[in-house]
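Shared between the two complexes below is chain A, which pairs with chain B and chain C, respectively.
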Partner chain A sequence: MSVLRPFDKLPALNSAILLLVGSDEGLQQKLAEAMLREKKSFRINIRIATSLPLPSEGDHLRPRIDLIAFMIDIKSKYSLRNVEASLAYVDASFFLGKVCFLVTGVGRLNCCSVEMSAIWKLREVYSSPVLFCELELEGIRVATAQRLLRMLEICAGLIPGVSALYFGSLMSRSANF
Partner chain B sequence: MQRRQSSKTPKQPLQGHHKNQTDLSAWRKGGRIDPEKIVQNHQTPNSQKNDRQQDSLEQALCYFEKVQDRVSLKKNSVLQKHLATVESIALQRGLPPEGFDVLLNVALSGKFADTVNTCLLKSLVPASVIPESSIISSVSWLCVGKCSGNIQLLFLKWLITVFDFIDHKEQIHALYGFFFSFLQDEKMCPYVCHLLYLLTRKENGESIQWCEMEYYFGMQSHLQALLSLYKLFCPELVTITLPGKMKTYFKNSEGPWKAAINAIRQRSQGNSPLSQPLFLGTAQPQSRKRKWNTQLFIPASSTNRNNLEQDRGKNHVDLYSTNKSFPVEQLQTFPQLLENIHHLEFPSQMGSVLTNPLLLHYMNCIKDESVYLRLNYWMGQTLQEECTWCVADNQYEDEFKEFLETVYKTECFLQEGFSSCEEFLYKSLPLWDGFCCRSQILRLVSWIPLGSFSEMKSHLYDPLAQLFFTSSLYFKCSVLESLKELLQNWLNWHVIHLDSASDSQVCSLNTTLSGLVNVVAELIQFVGWISTVSLRLENNPTFLLYFILDFYETVCIPFVFQNPNTLRLSLTFSFVCFFRYRTNLVAAKENEQSKKKILQFKFSSQTYQEYNQYIIAMVGCLWTSTAFQKDIHPQGLRMDEELLKKTAVQEFKTSFNIVYHPAMMGYAVLFLQQAWPDDTTFNFSLIKGKKWNWYLEYLYAQGLKGLKLFIESSINRVSQASHSKAGNTQA
Partner chain C sequence: MDEIVAEYIRRTVLKIPRDEIKTVLQKWGFLSEVQLQTINFCQIKENISQDVVQLCEENSAGIKQAAVLDIIYNHIYSNKRVWSVYQMNKTGEEMDFFDLTDFKKKFKRRLQSALTNVTINFREYEDNAIWIRIAWGTPYTKPNQYKTSYVVYHSQTPYVFISVSVLKSNLPLLCQALVAASNYHDIHEMELRSHSLNSLKDIVFKRYSQNFQSYYPRPIQERNVAPENSRINQENRNEKERIQRVNLEVFGDGPQPKLEFARYKLETMFKSDPQMNVLNKKEPFRCLVKFSSPHLLESLKSLAPVGMADAPLSPLLTCIPHKARNYFKIKEKKGVSPRSFVSP
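On to the complex of A and B.
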């Protein structure tokens, strides 16, 4: 029943921790492997969960989480409901730039069962960016892995002068230039 | 009048029968002119099977031709068998031209139940061409009204899909009025509109018939599309104002035919290159074309046109000789284009225009709006309905890329973006993963017409920014490059159109000049924003800087950026850019002083002040070694003494002059090596006085033209004489 909080643990040196939440474990696994294969200058640790809350027994062992990526499959309404239910177990301060939605299945819009407006609404309500991708395809999976790594690096505070909050404000639709 | 003709019509189909009877046997015995034959020739390994199929097809056609009474499908195994034969052969190889007359007559005469008729209509897949006569007789059946509404609808859908396969269109054009009268039928109206849209020529618009349209006009999109075409032909006759942009013109009259036609075409193309000549303009004969690219070719109806025309005798050719239109399939050479430029007839698959250089010339020099309208309609439909799913089906990706590439090349050639393409981008960019067809999509972005800010922000800037910030350095550079091209294209387009607008007062632009300038200013602001952010995110890579400067050189506005956190101050001035900015400002000022012209752009005095401050700061850094001092601009380079002390950088005043500037230091080292070969201490302070001038000459000789322009224009050198002397001594 514990709510995930971004700042209640100390960060580890030169490392970043990503939490992938989504109903399709196979795709999560593939994405995580693609991320691990990428070249990077810091250690990463990817945790996979089908839904939140995380079991409380392992709580003390769990490292500080820098970024939560919620995966929604556009072909399954269940995946959206699952994400919506899980969002309740995330502390509000996470939404200051440390959450993103990963929408997969964009390559098959013709068999899409999730309304696009529902996705846009999620983005508005939780003021978190949405990344579109098609994880079934190798090339796009790699490109998505790179984008996630980039965000993770920022959220873990590994890029000087750029904080998660700043990045979150850049990615919000109301960003003004 | 229409009624009177239609009362005659039941006889016409019968005449058709006799004629086609002979045609059918001719086909059976192997008339070599038929393209169907060409397709068959290379299938020799299974020619026996083909023979058997032909026999059974012939039997089936004979059966359908002779059938007299209403037969029910369930009880009649003969009918079942023949129906199955026709269906399977149609899907496998397509039907020969002679089959259409027979089958259409049966299907539309109401002899069978609707299920049989539907089945027959659905298997009307052309192998090569469809004779015009069969269409004419079908229309007469429609007028008699023996078949049900559903069959009528299905027939219309079929006619729209196979429109380009009809060998002649003169007689069908003569039936324009008939089709027009079908508009009154509420159910048929959308499809009839589509058909009329394909049929309409200039002279049709001049007939008064369209007036009736207004009666039934309820702003439905299909009527609107047809009206917009009429309006192009005869603007004086259409009084209603139509909305400028249309999302969808017609509902996709999708039937089973398109897929079947494509499948047959692929099969025949894949089997042998012989069938290639059927398609005009096959630029890359080797590639396996599917879906999109097959539509880029002018359909096959053309090639045997001449032969058929000779066969048919002269009677109806004479009838229509007054209004002979030149089918584009026959267009081969440039002189031909010049001769027939005023009566070209375009196919409904306007995509064929994209790969035909002659037709592109036509589009470019004759501003035929109807061609643009049709091309946009075709492209919008192709992009939106057929390509949304392409991403996941990997095998289509290459073809889709090729198609986008073709569209881009056409846009480059016409120097104009397509509105359908713009809509496609606006629709797909928010969902884009930034990877699939990257270079093609970014290239197409460069042809988006710049619109109002709110539109651009939500459709283009926001989605691009989201991708930009999370993507790789390479992606960032590509985006900047394409935005630069977007700006360039905009500038080119407006230079031409402003010129022509001032000559002839055709100022169709409903936007004012200041509005246009605002749009560009917003683009520049957007690029400024993403560039500064990206420099910070990527830790100032030179590669990215290069693309940013490239953009700003086009803009001609200096771009000053500062990173206060790390106190690493980068001077990202481009000298060329400064020089152009100066030229523009000076020109504007002279303009203002002379007051001869009405000013197009008004620069405020603040702009000049800003420029002067930039210049002072630049000269301070580069020349007089007084960096961080003489500058009061809030975004400028001045810094507190205290702060500068904290950096512990000695000699900060000189650290950005032309010797010590990071960008120049390499040159300074080389210069020192040449001037004092014995000295290995790299004593940069030696470069002063006369040597300073030599060094400057050295820099110019290295090709730093931007620097030369900047220094010669912005720095009033006191020792001009000594400079020239120094130059002489060096020479």
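On to the complex of A and C.
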């Protein structure tokens, strides 16, 4: 059961790698495709996983991961529990700006079964930003894909002068005040 | 023709969707083809029903014919009713020949001797099923044709499908009559209910896609040949395959029988030290969980593949077709460890 570390592999040239962790694979696939469709100046690779730890047999092939996005479906308690269990397999240094929580299903709050306080608590404990979205809607999916791409670009160190840690603290500030 | 019969036929016709009225009437066979041709089936249903009643008047239809029309309607639209399954038991092993006329005679006699006013009609279908329609009355009131009970009996099997009317008080009598007429000894409800009669038949006659093969040979692992050049990579490919395999083992690969709900009643006692005197009542805690869906078993089947539940679902959920019941009572085992539950 290996813990995922951010810096134990060398980065590839001009590329960024995103790891999407969540139980709803259909939505992950859609979001990944939306991200690939966006115009960008670097190569991206998206890894889709249902939970962590990642299977060890692919370890030597897996590139260095720049950003982990944990997807929580607000309509399913199971997805929250899945994410909470997966968080244990992430090295602490990842939480210096290279993790975000993607909360989907916000458009249907009447079917909500995850309490908002649980999500706020995740943000506090792991000091990582929370993005709200509704991935089933085309427009919001595209917007979310653009946001994630921008964050990914920063986390991969492709923007001079802005580091993941700086960006992460910026995000948490804006959410707190 | 009786006023009640005319009104009954009219209302039955009104229940049928307009495009189907002609085929239903043809199945009924009471009106001749020539008579049917005189009806304009393109007008509103209200007028069609008036025309049908008029023609029935000419043929002087009785309640018997009207009842047959109702049976045909209920046979086609059987999913408008809720059916529950009953099983009959025999004590001895005596083989006896099933005689349909004898069955009908005994059944009728039993009910009529108790109630006097009761309308009973039979209709046989080609799959060995006997459809029985019962309109209940009392010794002093006429049978109510709108609150009927339906019984579907397959003569070679111990199973009976009953759709009770609103007048539930007649159910014990109906069961008695069935047991007596079919030479069985005892009848009990199986706690299996659904709108779809055919799915219930599939379950109790074991016609649904069962899985007998407990081991599925895994394809040889092609290690590390996953296309690494693509820009979207699945990390948990093996896990996905495992879920698919487990699902196949549990549900089989065919379509599932259609059930709309499953109900679980939990009764558990509060356990504490008797000296502490906390909640020392003998009353158990009760909890009722009801799962409902337009197609319950299919939705259970797709829970794990879409990532909404862990792969082998609880046996309490997956045993529904196998145990042929969708109403469960979960109690504690008496005298054993408090964590183990048994479902009777």
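The rule is simple: the second predicted complex is superposed on the first by the 172 of 177 C-alpha atoms of A that agree within 3 Å, B and C clash if a C-alpha of one lies under 4 Å from a C-alpha of the other, contacts with A are read in each partner's own complex, and residues count from 1 in each chain.
Simple rule for what comes next: a residue touches a chain if its C-beta (ideal position, glycine included) is under 8 Å from a C-beta of that chain, and two chains touch if they have at least 3 such contacts.
Everything numeric here is computed off the predicted structure, so don't read it as measured data.
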Task: Superpose on chain A as described above, then tell me if chain B and chain C fit or clash.
output: fit
Query: To the nearest 10 degrees, what angle do the lines from the C-alpha centre of chain A to those of chain B and chain C enclose?
result: 80
Message: Quick one: is A:34 in contact with chain B, with chain C, with both, or with neither? Answer first, second, both or neither.
response: neither
Query: Touching A:48, do we find chain B (first), chain C (second), both, or neither?
result: second
Message: Quick one: is A:72 in contact with chain B, with chain C, with both, or with neither? Answer first, second, both or neither.
response: neither
- prompt: Between chain B (first) and chain C (second), which does A:25 come into contact with in this model arrangement: first, second, both, or neither?
  reply: second
- request: Kindly classify A:57 by the partners it touches after superposition: chain B alone (first), chain C alone (second), both, or neither?
  value: second
Message: Looking at chain B versus chain C in the superposed three-chain picture, what is their shortest Cα distance in Å?
response: 9
Field: Residue ranges of chain A in contact with chain B within the complex
entry: 105-110, 116, 129-134, 136-137, 139-140, 143-144, 146-147, 150-151, 154, 159-162, 167, 170-171, 173, 175, 177
- line: Note: in the complex, chain A contacts chain C through residues 19, 22-26, 29, 32-33, 36, 43-51, 54-55, 57-58, 61-62, 76, 78-79
Field: Complex interface listing, chain B residues touching chain A
entry: 388-394, 430-436, 458, 461-462, 465-466, 469-472, 525-526, 528-530, 533, 536-537, 539, 563, 565-566
Task: Going by the contact rule at the top, pick out the chain C residues touching chain A in the complex.
output: 223-224, 226, 228, 231-236, 238-240, 306-309
